[in-house]
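Let me begin by presenting the structure, written as C-alpha cells, before commenting on it.
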Amino acid sequence: MIWPYLTHLLILIGIYVILTVSLNLALGYTGLLNLGHVAFFGIGAYTSALLTKAGVPFLLAFIIAGIFASIFGYLLVLATRKLKGDYLALATLGFSFVIYSLMLNWTGLTRGPLGIPGIEKPSFFGLTISSTYSYLIFVAVICILSVFVIYRIVKSPFGRLLEATRDDEMGLRVLGKNTFKLKYKAMMISAFFAGIAGSLFAHYITYIDPSYFTIPEIILLLSIVIVGGIASIKGSIVSTFVILLIPEALRFLALSSSILGPARQVIYAMILLGILLLRPRGIFGRVDLE
Amino acid sequence: MRNLIISVLLIGIFLIVGCVQQPAAETTEESVEVVEAEVIKVGFMGPLSGDAASYGESIKRGVDLAMKEMGLDNVELVVEDSKCEGKEAVTAINKLISLDGVVAIVGEVCSGATLAAAPIANENNVPMVSPSSTSPKVSEQGEYTFRTVPSDALQGDFGANLAYDRGYRKLAVLYTNEEYGLGFNNVLTESFAALGGEVVASETFERGAVDIRTQLTKTKDAEPDVIYIISNSPDSTVAALQQMTELGIEAAIFGSEGQKSPAILEGAGESAEGMVVTAVSSGTSGFIERHQAEYGEAPGPFAAQGYDAFKAIGLAVEQGATTGEEIKNALFGSDFDGASGHIVFDENGDVSGNYDVFEVQNGEFVLTS
Amino acid sequence: MSLLAQLTVNGLIAGAIYALVAAGFSLIYSTNKFMHFAHGISVVVGAYILYSLFSLIGIPFYLACILTLIFSSLFGLGTYRLMYLPLQNKKASNVVLLIASIGVLILFQNVIQLIFGPDVKSVGYIKVARGLNVFGAIITPLQIVIILISITLFVLLYLFMKKSKLGRDMRAVSDNKELASIMGINHKRIADYSFIIGSFLAGVAGILIGLEQNLNPTMGTILIIKGFTGAVIGGVGFIPGAVLGSFLLGLAENFSIWFLPSGYKDAIAFVLLFIFLLLKPTGLFGINKDVKK
Amino acid sequence: MTLKIKSIHKNFGGIKALDKCSLEIKKGKITAIIGPNGSGKTTLFNVISNIIKKDKGKTYFDGKDIARLEDFQISRLGISRTFQEVRLFRNLMIKDHLEIALSDSDEKLMQNLFKKKKYDVKKIKGILNLVGLNKSLDTFATDLSYGQRKLLDLAVAIAKPHTLLLLDEPVAGVNPMLRKDIKKILRELNKRGETILLIEHDMNFVMDLAEQIFVMDYGRIIAEGKPKAIQNNPKVLEAYLGD
C-alpha cells in the first residue's frame, strides 16, 4: 500500500524538477543569481487558482499563469539591469519578499492569510484529473516536456550565448551581442516554467496561502540547484530526488516523539553540509560562477 | 547525449509508477485491509518543530494521557511532525494514510495545515479530528473533518459579548497575520460592532515578531478601553504584553485561548497580570489533576481537546469500528463527557462552544466563570 | 504622549537592535565577501549561553556576560574553521558558502531547540517595568543603553577600520585578497580575526537582545534578515554604515506602518532594500566597487 | 572606414584621464598609440567602445556620431577589440569562442531552439592557423598557457566581422619569440587591408610596425607622426624617461 504515498512524493518531485531545472537555466547557465524564483512560483499558483475560481478553463489558466510569471521575469531583469553578483541576489530576494507581502496583505485579491481553499482539480478536453495517479501522469508529461525544452535551449546556439554571458558579459558585449536581451529572455523562460509549476502545485494541493512562497522555499530551491551542481540539468534532477527524499527517509527513523521534530532538522542540515563539504561544486557541478 | 538519457530515464519512472500500479492498486487494497485488522493505527499530525511546537507538544501530552487511560492494547499511535505548514501536512497525511494505513488521525493543529490536509482525508475516507483548528472554514471541509474545539465563529461572538457585558465600549484588536488571527478578528469585530461597541483599532503582526511597539503605539493612540490579543505564537504574545507595560497602556487586556499557555505566563510575568482569557474549557478538574499527576504541570493549550480527540476515536474503536468509514459514522454518534466538556459532533463535525473565562491572578490562570 | 516622538523612539530602539546584528555581519561580509547568514545563530547562541550561565547556573551577571562573549567569539571562529575554510580551500563559490551558512543556521537552531525546548525563555535580570517619559515618548532604561551602545559601536567600528592596523589590514584584504597577501598580510589570519570580532559583536547583540526580548530558538532567522537588510542599506563596503543603515531601516519600518496597515511592516524593509539596491546598490556610504557591469 | 575623435575629456574624481584628446585613423594603416603607464591609452579605447561614458567631446565612425550607441551596437558597426587583461569565457572551449565571434545573430531564441550547436570548422581552423594556435578545438580556455590565451584573444577579435581592429597591448607579458610571431600576424592582416589601431608601451615593437604613431601623456596627445619623427622628438623622450 506504499504506492499512494510514493505517488504523492513523485508528484512533488516532478513539480520541483521543473522548478529547479528552470532556476538552473537562469542561475547556472546565465549566471543570474536569482533568489526570486519562488515569487514566480507563487505568482503562477495564485494566477491559476484565481482564474479557475473565476471560471476560466484550466488549460487557459495554466498557460496564463506561465505567461504572467514570465512578464514579472522581464520586469525583474529590467529593474536589476545594472546589478550583478551578490547585489543582484539581494535585489531578487527583496523582490520575492515584496511579492510575498502583496500576497499576504492584498486581501481583496488573494484573501491574504486566509489563502485560497478548494482549488478544483484540472479538467480539459472533457476529462478531469481527479485521482492522484492520473495527476502523476499529468505532472510527469509536463515535467518531461519542460526538461526537454530547457535541455534543447541549453544545447542550442542561444544556450551557448547564455553561458558566455555568465562567464564574461563584457567580453560578449564587445563581440556585438545584446546581453540584456539574452538575460531577459533567459529569465522569462525560467519564470514561465516556474509559473506553470505553480499552477500544477496549486491544483494538486487544492489549498494555497502565502506561507508556501517565502524563506524556507527560497532556501530549498537554492540548495537543490547548488547541491546538484550549477549548469547541470542532470544535477538538478538528481538533487531534487535526493533533497526531497532525505526528510521522507528520516520519517522512518525511530525517534521519540518529543525530539522528533528538531532531531530530523538537525540530521537534514548535517547531510546538506556533508554533501557541500564533499562536493563543493555540487554532485554534477563542473562550472564555477566567478 | 549521456545527460539526456539519464534525465529522461529518471523522469521516465514517473510514467511507469503512474500507469503500472493504477489498476493493480484497486485489487490489492481490500486484501491488505483485512490482514491488519488486529492492530488499528491512529495518526497524530502536529507541529513538533518550529515556532508552534509548544502547542504540538501540549496537545500530544493530552493524546498520550487519553491513550494511557483508555488502555486500548490494539491501538497504535503513529506520530508525524507537520510543522503547522500546509505542504508538510499534505505529505504527512499521505504518508500516514497510505504507508502506515492509519484509519483515523488526530490533527492538524493549525487551521491552514488542516485545510490543506482535509481534502486528502475525505478522498481516502479517513476521519481527521483536529484539537485546535478553529477557523470557521474548517466546518466546510466535508464529512471526514471533525474538531473537538469550537469554531472561532462562536468564540469570536462569545468574546465580543463578554467584553461588551463588562462595560467596555472601545475595542482594539491585535492579531497574528495568518488564518487563525484574521478569522477570529473578523468575527470578533463584527459581533462587537453589532452590539453597539466601537472598534477603534485593528493591528496585525507577523507570527514570531517580537517588536510590536508601533502597532501598540497606534493602539494606544486610539485610546481603547479593552485590547483583545489573538495569537498562536507565544513569543509574540509575550513581547506584546511586555511592551504594553513598557508603553504604559492602561486598557484591559483580553486574549483568545491561544494565550492560555504556561509559557506565556512564565515569559510575560507581571505584564500578563489581570489578562482575561476566553478559552475553550481547559479540562474538567479531574483531567487537570490527572494531567498534573502524569506530567507534573498543568495542561497546556488545547491539551484537553487533544485528549477528547483521541478519546472520541478510541470510543469508536471500542465499539468495534475498524475502517475509516466505520469510525467516521461512530464519531457522528459519539456522546460523552470529555476533558474539555460534553462532546457531541454536529453535521459539520463541530462541537458546540462552551467557553470558560480565566483571569491571570498572581501568575496563574484562575477560572472566574 | 506625543506620537511623533514615540514613533521616532520605537524606530531608534528597533534600529539599534538591528544595528547590533548588522555590525558583526557587515564586518564578516566585507572581509570575506560572502553572506554569513549563520551570524543570526551566533547571536542566539550568545543569548542562550547567557541564559544558561546566569539564569540556570546562577553565575553573577557580569561574569556570565564575559563568558558569553568568549563563547560566542569561539562559536563564530569554529564555524569559519570547521565549515567555511574547508569549503574555501576547495574553491567553493560564494553561493555555496551562502547555502552552507544557512545550513549552519538551521542546524544550531534545532540543536538549541533540542536542548532548551521550544518555549519562550527569559533571562530575567531586568524586571519589565513602565518606561521613562523622555521628550513625550516612553523608553525603558535598557533600551536607552542599547541605543547608546549601538552608537558607540558605530564610533568604535569607524575608528577600528580607519585607525587600527588590523582594521586597515581587513580593508586591504576585502579590497584585494591577492594584493594584500603579496604585501605580507596573511589573509587567513585576518579572516580569523574578522570572525572573532564579528562573533564578539554577535555576543554583545545576544546579551542585549536576550535582556530586551525573550529567547526562542527561531529568533535568529528574523534577526539576521533585518540585520543584513540594514547592512546593505548602510553600504556593505563601509562597516560603520551598517549601523546607520539599520537605524534608517528601524525608523522607516515604524513610520511607514503609521499610515500603512501594519501587515506591511516586513514588506517595508524589503521594498526599502529593493529601492536602495536599484538606486544606490553600494548603499548610503558604500564604495562603488564591482557592483556595476 | 574612418575613426575620428574630437577633444575628448574624461576625469575620474580629480584625475584628468583624458584631456582634449583628438585623433583620426586612416583606412588600411596600422596606427599605434604609445605612452607611459597611466597616460590614458586604455581609457581612450573604453571611451571609443562606449564602455566608459566620456564627459565631453565627439566620436565619429564612418562619419556617424557613435557617442549615444550602446557598446554592443558600436561593436556591430564593425569595431572589434581586445582588452589589456585577456578576457575569455572560463567554461567554454576554443571552438565556442570562435563560433560566437563568427555569427552575429544567435540571440534569436525560437529559430535556434531545435538547432544543435554547429561549428564552421573550416573557418575556425583558418583563423587559428593564421594566429598560429594549433590546439584541439575542444580545449577549454582555462587550460591554455598565457601566450596561447593571448593568441586565442587575438583570434576571437579577428573572427568577429569588423572593419577596424582595436588591440590593447597585444604583446604585453609575451615572450620575445611569440612577440615576433604576433608582429608577423599583424603585418599579414594589414597586407589583407585590415585597419589596425593598437596600444603598446613597448617602443621598439611599435617602431617598425606602425605607419602612424600618437604619443599620449597625462591624458593628452603630446606628439603625432611617422615613427622616425617620433623617435627623436624631445617631448616624447621627456615623457618616457621622466623629467
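The first chain written gets the first letter, and so on, giving A, B, C and D; residue counts start at 1 in each chain.
Everything below uses one rule, namely that contacts are C-beta pairs under 8 Å (C-beta built on N, C-alpha and C of every residue); 3 or more make two chains touch, one makes a residue touch a chain.
No experiment lies behind these values; they were computed from the predicted model shown.
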So which chains count as neighbours of both subunit A and subunit B? C
Would you mind checking which chain's C-alpha centre is most distant from the centre of subunit A? D
The chain whose mean C-alpha position lies nearest the overall protein Cα centroid is chain A
Please tell me the distance, in whole Å, between the geometric centres of subunit A and subunit D computed from their C-alpha atoms. 43
If you average the CA atoms of subunit C and of subunit D, how many Å lie between those two points? 47
Round to the nearest whole Å and give the separation of the Cα centres of subunit B and subunit C. 35
Once you find the CA centre of subunit B and the CA centre of subunit D, what distance in Å lies between them? 71
Going by the contact rule already set, what residues in subunit B reach two or more other chains? 49-50, 53, 57, 177
Using the touch rule from the top of the page, what residues of subunit C touch 2 or more other chains? 110, 113, 261, 263, 266
When you check subunit D against every other chain, which residues touch at least two of them? none
Okay, what are all the chain pairs that touch? A-B, A-C, A-D, B-C
Which subunit C residues qualify as touching subunit A in the complex? 35, 83, 86-87, 90-96, 98-100, 102-104, 106-107, 109-111, 113-114, 221, 225, 232, 261, 263-264, 266-267, 269-271, 273-274, 277-278, 281, 290-293
Once bound in the complex, which stretches of subunit A touch subunit B? 1-10, 12, 14, 17, 104-105, 107, 112-115, 117, 131, 133-134, 136-137, 139-140, 143-144, 147-148, 151, 205-209, 211-212, 232-234, 237-238, 241, 248, 251, 257-258, 260-262, 264-265
If you look only at subunit A, which of its residues touch subunit D in the complex? 149, 152-153, 155-161, 163-164, 166-168, 170-179, 181-182, 185, 189, 231, 286-288
In the complex, subunit D residues that touch subunit A: 49, 51, 70-72, 75-76, 80-81, 83, 87-92, 96, 99-101, 103-104, 106-109, 112-118, 156, 160
In the complex, subunit C touches subunit B at residues 1, 3, 6-7, 10, 13-14, 17, 110, 113, 118-122, 124, 127-131, 138, 140, 213-214, 216, 218-219, 222, 253-254, 257-258, 261-263, 265-266
